[in-house]
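Okay, so chain A shows up in both of these, paired with chain B first and chain C after.
Then we have the complex of A and B:
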């Protein structure tokens, strides 16, 4: 829909931000931290393109540092949710009948819950930490993928080649993983990419509420949480981390959409 | 008739499920549920009595039944932070949440229909491209950041609208009209934030639906009869493409509620979301569970209303089901 240029830009942006954020581990920014006693945030200038925060830290460097966390959380949470979703979808689709009906009702039920709120409660109960955030986000976002995989399995389970595999006496799991799953891979990848965008958004909300990444680690959400105290005096602290989240998720959505179009043969 | 009976019966396991989720989360929470009744003047035998009243000395399934019974009767315990009954705190906050949600819902639908129609009528031309880009943007912006930016632009920089609260607290309670005016002023920014967050997905679906409908033979027939394109869009295609939106709205409700809660928190809007998020900060478990349970029930009711609207808009539903 948005054409090739948007997708190319998106891939370029994500690659750039990944490379820069990973190289930050070794290089760091010369002005990363200069605690010069000046605790007033300074507005963007030639030395600090995105300005500095209340501790004199360069916001651009902090955003690249935060990118590792935000992208990392998105990636790992997405892996978790794709794994859970695929296993449950495969199981449900292959079992069929009452089991399938029951699992899908449970999936419907979970999808009807205010998930963000449940994530919030679990974070409060477990104690906020990065690992907990990743696991909880992953464990509460698999439902869409489970539905998708199940639908794919249902649509192919009566195909002749699956029947042939059955006739040869292969075990249901072998058929599911070796013969049926490869057909669902393209749609799993698409919804995995979209799930990653969602996970990055959820992480930013959690960290914004102080229930995700804990200081001194920075994520884009926690930078925004910090910025609310300086909204009147240093608005640049609130602008660039939000832009970083938006551009990253936008890129993922563009890429996901293009892949979806390709997979469905040009139908939009 | 049969359809509605089944529809209502279908929500019973859902309510049991919600009670179960709340119960499990409450059991996982540190501390004993009887803590929420603690009072320094109590002695050990009082505490035992409380545990007995709450059925905490019983096996877990019995505890669940007792808890469910109390929750259904509206007894959700007491806030550990203020000592107020949870159901009281929730019903105090409900009007503000409903005001914000329903206003944004109406605005969302109006904008969705407008954008969807324009997008479909100009499919693959620049207005369509622009609207598609906007919907992608809307899906990608964190709702809370929209809130921050709205405050930054309209409150901090332009000083046009208030950044937080329900109405100006300096107003006397007798000045009804001034209070209503002030509430509307306070409502504008949160409603915009909620709306931007929710139009994206709906607009995309509505555009798809509209394009599909516009390919139907009856639209071609209308065109052949020389009916103007605008009339075809507004009278012939609009309603048919709007049908799936009702169902979709029901499905998107949990996301919309979550978004609205964050917005309430950002703008200090005194609704359920602000109550729940502040309860998370103060580890006020009874209020947290109560808000979770209440929001789930609200979503369930919303889904039910969506079904009612659907069967009103499309009478075939009732006939097919019975």
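Then we have the complex of A and C:
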């Protein structure tokens, strides 16, 4: 029950921030630099609700502009990882036997790799860019979903209606997609939403290290990085992007958890 | 719920009080127990303490207290006699005679003679020695010949006149009696050095400290300090904590921290110029950037004063020429062409060069947009901000700039590729200059594509001046030659000169006898430094 208002707040927060961030495409120039001999970040006031940074940019509008990057990266990376994970999970679960065994060991192996370092290496080799970041994040976060889907399929595939479908001679792919997959959809969605939170965090880390979005485009991670020189003198430069990341990931987690409860509650 | 929150808050408060108290005690104990000792921060762990082999600034910092050279660079960046008493240059500029001080001894008591000097330079010239200094003693492929005329006279014969040699002659001298017939690259001497300087090597604990102690046999003014402890602290923030706590006595701070440091009572702050400038280099083989009007348009579009204010917090000066204002060869004010911020001129210049704005608001000519990339090596705090400001400024004028920060090695690979053309449009970098104004390797046309003239600059007048500057020995004449060359280069705008950054040093008030703050630092006369 407690999850209810938190979830509603979360949905409200994400919706608001999405609408505002999209509207930033048309209004304002969030990344314009204003150097008026002013050599210090200015604290929050009536003109700049969240203050400005050391290059005279309004932090509030950059947070909203950066939201497009963070949410966009999260969404696309999530789509990529859900697609890869679902296909591999479906295939592995349905084939069973040695193939399943092999694929799952490969998944175990990939899960054992230090993902962040692999992402860093790839970004250094291919050069920092947003597209690379998205693809790499998506391509390294599908394993959980693959295991989840496989587990669902394994439990479904011995059920009478699947056996019946087999007996009628339907092709395995038709059975997998038309009959088995729909049963796994709810857990895929839940897992996808949680993955999205993870992807947003990873993007922040990459941008913090200078390997994510490139200027003038802002992202929450790069704003945090920019603030490190001013932690004591202008803490608002760090607090806003930090809060934005925390609240967004928290919201996604709340929504994911509520959906999971609903899904499992519905089944039992 | 609110009750619990209160409780945990008060716990945090008391914890903070305990922590400050502990720090306070630590601080007091440190400052009372360190009479006659100075603690200096090294920004990294030295690899060797041999003056002819070292390549990094922090090794050089330690080496400078242990060893001395025939000459030394003073606060005014001029050379003055050190181990040498006097020197003479023949009228043709090819023979140098150095008279050495008598009665100088090595830290182990052995006498210092001309043989040590000859041994040092011959070891540097020896191709088997793993040193980056060899090129200073080889002129056009021919090595300089060093001979001992008598026990305290050294003769250097140059294949041709080469004025910057005097600075190379100031290199620190190593003892022949300890290093003759050893492999210099692997000698145990390199971690247990013996010199002639004001301080003797005592102890090196890797990762912890290097200790040098007073040399009672020093030939100059007797050193005041009993010892100097060098502490490798690579992290800036750790260094900042150390200077505040009193663990180290000198630290170069970032301008952002100035206000905070001013409040700390035991610190004195010194601000001084460096022999250094930051710039954006134009690849002059790029067909847009070849046109001086395009380069001028870029220069007028960028408010460099605002960059100094925003990025360096005003602790620097706008640069217009490739030589530092503290150098003795800096040109006079009216000889310098200044491209001060005037964005309106940018548009006029581009239009007169035949460029027109396209539908995206970007200038183009013959279907080719003024769209560039700027590359720089990651790591510095200033570069990303400079790049963003320049990007924004050029965008307003109608020139597109993409920022590509690179890992250092990849950056150097492009810039030093040795090939023509090089794969960059603009590159951001800083030059640290030597006290001698000879920057032949940066500006002479023969230094492209191999050499430091990686932008492909070529001006016959500048070439002639740089060549002449190496053969003239008269100080005043050389100053004029290099001033003229710098002014010409500044006018040609091969770089967008950004600024001369200033160093801000915080020094513990208990340290006295610092030298006049300047590009040579605060410890030019380390023997005169004392501590309460």
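The working rule: the second predicted complex is superposed on the first by the 252 of 268 C-alpha atoms of A that agree within 3 Å, B and C clash if a C-alpha of one lies under 4 Å from a C-alpha of the other, contacts with A are read in each partner's own complex, and residues count from 1 in each chain.
Convention: contacts are C-beta pairs under 8 Å (C-beta built on N, C-alpha and C of every residue); 3 or more make two chains touch, one makes a residue touch a chain.
Small disclaimer: the values here were computed from a predicted structure and weren't measured.
In the superposed model, A:124 lies in contact with both chain B and chain C. Comparing chain B with chain C, more residues of chain A are touched by B.
In the superposed model, A:216 lies in contact with chain C only, and not with chain B.
Applying the stated contact rule after C-alpha superposition, one finds that A:249 touches chain B and leaves chain C untouched.
In the superposition on chain A, contact of A:145 is made with neither chain B nor chain C. When the shared chain is aligned, no partner comes close enough to touch A:80: not chain B, not chain C.
By the touch criterion defined above, A:232 lies against chain B and chain C together after alignment on the C-alpha atoms of chain A.
By the document's definition of touching, of the two partners only chain C reaches A:54; chain B does not.
Of the two partner chains, neither chain B nor chain C is touched by A:104.
By the touch criterion defined above, A:114 lies against chain B but remains apart from chain C after alignment on the C-alpha atoms of chain A.
Once the two complexes are overlaid on chain A, the chain A residues touched by chain B in the first and by chain C in the second are 124, 210, 232.
On chain A, the positions that touch chain B within their shared complex are 1-2, 105, 109, 111-118, 120-125, 197, 201, 204-205, 208-211, 221, 224, 227-228, 231-232, 235, 238-239, 242, 245-247, 249-250, 252-254, 257, 268.
Looking at the complex, you find that chain B touches chain A at residues 13-14, 17-18, 21, 25, 28-30, 129, 132-133, 136-137, 139-145, 148-149, 151-152, 156-157, 208, 251, 253-254, 257-258, 261-262, 265, 276-277, 280-281, 283, 288-289, 291-292, 295-296, 299-300, 303. In the complex of the two chains, the chain C residues touching chain A come out as 254, 256, 259-260, 303, 306-307, 309-310, 313-314, 378, 381, 384-385, 387-389, 391-393, 395, 402-407. Interface of chain A with chain C (complex): residues 31-33, 35, 37-40, 54-56, 124, 127-128, 210, 214-216, 229-230, 232-233.
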